[in-house]
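Heads up, there are several structures right after this.
You will see two complexes here that share subunit A, one where it goes with subunit B and one where it goes with subunit C.
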Partner chain A sequence: MSYYTGRHGSLLLDGNTIAQVQNWSVSSSVSLLSIKTLAETDDRFIADGRTTTGSCRVLYYQETPGVKGSNNASTFINKVIKAREVGGDFYQGATLAQGPNGTNRSSLRLKIDDGTDDGLYIEMRVIITNITMTMAVGEVLAADITFQSHGAPQFVNI
Partner chain B sequence: MSVYLGTFGKVELKRKLDGRLVGKINGNDVNTAEKRFSFDFDQGQLITGDRITIKEIDGNALDFISSYTDSSVTKYINVDEAGGIRLYNSFANAVNGGTANAPALSTGSNLNVQVTIENKRRLLAQVSSYEINTERESVDTTVLSDNFRQRISSLISGSGRFSAFWEYAGDDSSELPNYLLQLILRTKVGSNFAARLYIKDSNYNPSGVAIRNNDQLYYKVEGIITAAAVQFSPSDAVQITADFITTGPVELKVDLEVPFALTQEDGGKLLEDDSSEEIGIVGSGTS
Partner chain C sequence: MPFPDLVPTARTFESGDYPVKTFKAQNGAETRILYGSNRTNMKLSLTYANIFDADAEQFLDHYDEVQGTFQTFSVGGTDTTRGGWEGNKDALGAQSQGSRYRYESPPQVVQVRPGVSSVTVNLIGVL
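The block that comes next holds the complex of A and B.
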């Protein structure tokens, strides 16, 4: 019998393993519609839809001082927090695209290492919905990230 | 190897004030016959033996002291049970009180003043034991896939406890344990103090190495008294305990005996700006 702990976990963003991930979680909930009618005593439902969200916490670090590096918290942060783009006089925005090569969404794989080549995993197309970075006395700078799946997960092997 | 005994440890205390007191000296609160005056702030903020500096905020002369023309004065004080204050030139005179050594006062004008305290270090008498704890916090940086928990160093904090046999009088050169009980009751200006807690004092040398005779090793801390208690029961000596936490750096100072003494050209001691600390004198507590 095998149990899994944080030691067996990892997270891949756009195919690359992200370093210094402290935790990840995923939550999938199904919304229901009541089909209970008059004179019925007990609730009856049909499934209406499904929402899959999740979060992770990634420690912010630099392998080499002055070099942001890749496949770390910076990768997440730069998908959401962007400098405004050069544009017309009144354009002050920046693209909302988060995926590689200008695509809208990223690919996120939440993985459990079970000793096989691919391991156990849930892979989905996601939009990062929130990033919170907190600098505090006595704590390590980290990014708390929440994401939402676009559609059903692409691959589920768990 | 040697064994060091607690018998030769000591604690030195330096009175501190958290901030400053601002108030008034009203001319009609000066009793010239008793050489006593009072401030208009709450009693209990100033304690007998404090070395205070009174500064007139508007630059006026502190004319409640007879023939005094300066706007600032630094004196030791004796505080009576009604909050009346007498000024003195020495700690010993302040502790002993009375009118004999107090300067004459005169009924002057109303003065707006600020008061600060800056004392010299004094031996804390009657100490039966002390302890100081330093604690290093750590932050967990363990990440997914790690097999071993990772941690990095974070903040340092200190705390400790003085235990002493209670005494309130009879020594006009040392701090007495009753001061710690008074200190925690100061409401406006906190219970701050600075202290040196000696592990090895000069002239105590179990090592047998002659040159180590005057070495001093001590913790230097600033702290706040957070709890004070008196244990009072028949057939037992009355003892007090005072718990503290540190408010800044905790330093373990190592003052090794050196073959020279840093002095002025005339051989005089080097003093800090407020004349409260000697600098660079062997055995004087160089910091």
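The block that comes next holds the complex of A and C.
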């Protein structure tokens, strides 16, 4: 019998294993439609839709001072927090695309190492919906990230 | 094709009125003349929320069969259209007054999700 703890968990963003992940969670909820008629006393339902969301906390660090790296919190942050693009006096925006090569969504795999080659995992196309960075005395700088799956997960092996 | 045999999820009923004409004098006195012995103009609104499209289609087919708002018809029995009503079955009907229902307006179909729709039907009782 095997149990899994935090050390068995990892997270891959666009195929790259993200280092220094402190935690991740995933939640899937199903919304319901009532089909109870006037002649009935107890609720009956059919499933309406499903929403899969999740969150993770990634420590911010630099392997080499001055080099941001591509497998840490910086990767997440740069998908959402972007400098404005040069586009004339009246354009002050920046692209909302989060995926590689200008695509809209990123690929996120939440993984549990069970000793096999692929491990256990849920992989989905996601849009990062929130990033919160907190700098505080006595604490390591980290990014709290929430995301929502675009459609059903691509791969589920759990 | 009879009116679809489904129990609604919501129902409203207005009991209509007898054909009365009211005259009011300048001193405020009111005179009413009864022109008929049958109550008419009952309004029955039925909502069928979150039903399968195949069931929703029955209302569209029935509306077409009775030529829209033209023909009259009787609605289902106590177990279906009046399901959940524990009073006298005639109270919600039009037949006891010699009336029958017809569509007051076309059925409204709202798609809720793939394969599931909500239908609202407005009927009116006429002689």
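Definition applied: the second predicted complex is superposed on the first by the 158 of 158 C-alpha atoms of A that agree within 3 Å, B and C clash if a C-alpha of one lies under 4 Å from a C-alpha of the other, contacts with A are read in each partner's own complex, and residues count from 1 in each chain.
Going forward, a contact is a pair of C-beta atoms (placed from the backbone, for glycine too) under 8 Å apart; a residue touches a chain by one contact, two chains touch by 3 or more.
For clarity, every value in this text was computed on a predicted model and none was experimentally measured.
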{"item": "Three-chain arrangement built on subunit A, subunit B and subunit C clash or fit", "value": "fit"}
{"item": "Which superposed partner A:Leu38 touches (first subunit B, second subunit C, both, neither)", "value": "second"}
{"item": "Partner chain(s) touched by A:Ile158 [first = subunit B, second = subunit C, both, neither]", "value": "neither"}
{"item": "Subunit A as apex of subunit B and subunit C, Cα-centre angle in degrees (nearest 10)", "value": "120"}
{"item": "First (subunit B), second (subunit C), both or neither touched by A:Val137", "value": "first"}
{"item": "Subunit B versus subunit C as contact partner of A:Ile81, first or second or both or neither", "value": "neither"}
{"item": "First, second, both or neither for A:Leu96, with subunit B first and subunit C second", "value": "neither"}
{"item": "Partner chain in contact with A:Val30 - subunit B first, subunit C second, else both or neither", "value": "neither"}
{"item": "First, second, both or neither for A:Gly49, with subunit B first and subunit C second", "value": "second"}
{"item": "Subunit A: partner with more touched residues, subunit B or subunit C", "value": "B"}
{"item": "Closest approach of subunit C to subunit B (Cα atoms, Å)", "value": "40"}
{"item": "For the subunit A and subunit C complex, residues of the former touching the latter", "value": "33-40, 46, 48-49"}
{"item": "Residues of subunit B that touch subunit A when the two form their complex", "value": "137, 139, 141-147, 152, 154-155"}
{"item": "Subunit B contact footprint on subunit A (complex, rising order)", "value": "6-11, 19-24, 59, 113, 137-140"}
{"item": "Complex contacts: residues of subunit C adjacent to subunit A", "value": "6-11, 49-51, 79, 83-85, 112-113, 116"}
